[in-house]
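Each of the next two complexes has subunit A plus one more chain, namely subunit B in the first and subunit C in the second.
So, the complex of A and B:
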């Protein structure tokens, strides 16, 4: 088989196999350090918006959190005028991380190395020994504090989600997201939210394997036995897979489950995934209240490149991807409810949060799915996957038996990564 | 009348070169000339362990050498980031070509 790596020109620019049916993704995308480096430049510093925070995480003046866009460290601050700033976490002096805490509240940011101090908008405020000591040393006379601030990114918020971009050319955030994505976000973020807490999970695999996984309604009822067993997600349900942003973003949703046992048995037959004889020992795990007027009970909204917004029963969360090389990434789960939830509702959400997160009764298998692909493809750079469920094209579907949205992602990815 | 303690001779202080003096009952003090007058403040910056006399005097402002914060010499008022706590000021008298403050010895 001929090598698909375009090594004669640029090892980061891959030759994608031509196929007669289905779609083929060369496994090199998951294992090549050159591809990873190019993604950092073309995708994470390209004309894309990356999610960095919920406004509800930094409500008060002086609040800050640190995170990453791709693998570039950034700080997100709330300044004393109520504005939100996304700033590169790299000292203008000799490049150190300025902020070394995960989150906190401070009147200014100060680098530990030489105590260069910045305000919450990244402006340089003070340089120790700027005038020297007793007439010796000090910065040159020409030194201008104003020329040595931190690099500030372009920032926009939508419905309380904060995004940032390195690019001046990226379109306005709402245009980047597209109408379907905006509607899905504002459906969930319809009023102020309150953060319940966050969890972090390290997956030993390439970040794009999670991008695939969250655009994949096909696997949900087969891999996640909890879904199927307790009737939260079955292939027989009404649902849809819809793309936005020229295939970059994906919305999967399902309506409240049918309870037609006969239909389900016919579909699943002897599949290990269905055993409707099981009952929860504590059924209150799934007891809840309707959060929305419609009958949609599950939403997985995967926003390119780095965030997933989810509604699963009464659990609401954003999941942010932080890349750490070609074979590792962190998934940061931020769980939230509404600011006006009563105590009982808060308790319901917290109990149901056992369904999601790194060890979630539903979510736990996804980490394994990522890692078993990474392990198996490691030495087969020139081979490719075969993606054809639902027809093998990047198409929306009014059912859940499709991989169309995965293809949409790859086509958009391929375009962004193409040779200039 | 309370007794006075001598800090230094007048010609030991000049504008732009404040003098650090240590006397009983006081924290280390800084003595300044501003124009034709003399003023005294605590020498230790309220922001950190720095000596203001090692800093930079510009008229009635003293800039801390450490982070570049500043105070008004006459009032002790903090003027620039990162200083936010006022500096202690001490009334000073000129007599016999020297500068004096109220004695706190044994206090």
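So, the complex of A and C:
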């Protein structure tokens, strides 16, 4: 007789269907709380580097910012020597949040519960009533401040982007990212940036639906209809989908046929197809200036597991994924320009911000895309998606009619989530 | 104009504004603004620290029209409607003959499942002018408390 309870059955270990053609993702991956819990250990606390901040968000000594890796709260601090520290936001005493504001400046970090105080590197400085009050109470004589600091994460920066990992085994950041990712990051972060503001967007769906979405050039011209509707698509555009880090990371980009600024400006402002029913009443929305020496006008760089670096026309932003259970996540958009932007350039970036973010004319639909999948994949946990555009393998493409980078993500994810 | 009549005129403009949106008559919404208007929907978080990025930022009536055309014909989103509640209106004269108005608002959103939720709250900081075309917004700054926008924002606040 077969035992009903199979000792090897772990609800967090997924059953990936084998397909002759294309790639299948079991829907359980989006709905299972067990899978979500395992991801927090394997992915977000595993041998990966998670994005936590731009250095430009905390320029001065004592500046700090609170954020999350997966759903674990962390604090990012700038210490007195100018160094960046990523510290788990949990008091060593009784587990309270030490920092409760989104951002601030402080000489040291102090838990409000019992005023345990830490320096900006997480070292415990002191605890109230350590030696008791009037000879009563107090900590044991053996109490060692040095043994009760905050948990400090491995931290590395690349060109002003701060990453952290819980893992001692994760490779150095640059190796983890890979040469293509490093080049794409340093292309955008080629000089000091200036933060222009944040936007926060909550999507009622699994975070991996957004990981798929940002590795998916197939949907771009089909779901996001702003450019098509106003006859603004550019026939000259070419694009590519390339991966790095064994498929974990994805770089999507498109290039214009010209790097001539005057021509580019002309195309952006006035290009419209003859049969387009609508035209922009105020084309200044799309008036821009070349930011780079190359002809790349759109970059969606998805770095596993939690950040997207983007350039869309003159909008520059990082989008950080913060997970909230298996069926929700927050997307934190941090918009930036360059510290040396002139007034006109700053105005261009602010106006073009209409294109991106939760109210973005060309990006808002992604919230809808995530949610219509999450709503539909309930219950039929053993069923799977079908991903085959471009050939159904994790391969780079010199075009945008592909889902190869989505498969690259899933293969990396599957490997990290596998048993043992 | 005596202050009571002024207060009344501006209340009426605000009421027309919210009814236009809540009744889904968005094509008439840009007409409530001057041609060279500013319409800005910005989080309190960004506004308070002097950061300029807004969810929506239009600096002409033509841009408002483009927003509406995009909403009707390009953008894809779940069917939804708003119900605005506006209160605590304060009105001031400006030296240039325009008026400043400040009011609180709450936007409830109802989606296809019939659930109504508090979608967005904040303050309207308006500069209002009047001429032979009537009372209109020269500037409308929507400073929202609800920093975490639920799903997306497509209908103006």
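Quick note on the criterion: the second predicted complex is superposed on the first by the 383 of 420 C-alpha atoms of A that agree within 3 Å, B and C clash if a C-alpha of one lies under 4 Å from a C-alpha of the other, contacts with A are read in each partner's own complex, and residues count from 1 in each chain.
One rule holds in what follows: a contact is a pair of C-beta atoms (placed from the backbone, for glycine too) under 8 Å apart; a residue touches a chain by one contact, two chains touch by 3 or more.
This structure is a prediction, so every number in the text was calculated from the model and none was measured.
Annotation for the three-chain superposition on subunit A: subunit B and subunit C fit side by side.
Subunit A has more of its residues touched by C than by the other of subunit B and subunit C. Applying the stated contact rule after C-alpha superposition, one finds that A:134 touches subunit B and leaves subunit C untouched. Judged by the touch definition given at the top, the superposed model places A:108 against subunit B, while subunit C stays out of reach. Legend: residue contacts after superposition of the two complexes on their common chain; A:117 is shown touching subunit B, with no touch to subunit C. With both structures placed on the common chain, the touch criterion links A:126 to subunit B but leaves subunit C unconnected.
Legend: residue contacts after superposition of the two complexes on their common chain; A:282 is shown touching subunit C, with no touch to subunit B.
In the superposition on chain A, A:33 makes contact with neither subunit B nor subunit C. With chain A used as the common frame, the shortest Cα distance separating subunit B from subunit C works out to 28 Å.
Common to the subunit B and subunit C contact sets on subunit A is no residue at all.
Residues of subunit B touching subunit A in their complex: 54-56, 63, 65-69, 81-82. Touching subunit B in their complex are the following residues of subunit A: 108, 115, 117, 119, 125-134. Across the interface of their complex, subunit C is touched by residues 102, 195-204, 223, 225-226, 228-230, 277-278, 280-282, 284-285, 330, 335, 346, 350-351, 353-354, 357-359, 361, 364-365, 367-368, 371 of subunit A. Considering their complex, residues 41-43, 45-46, 51-60, 62-63, 65-67, 69-70, 73-78, 147-154 of subunit C touch subunit A.
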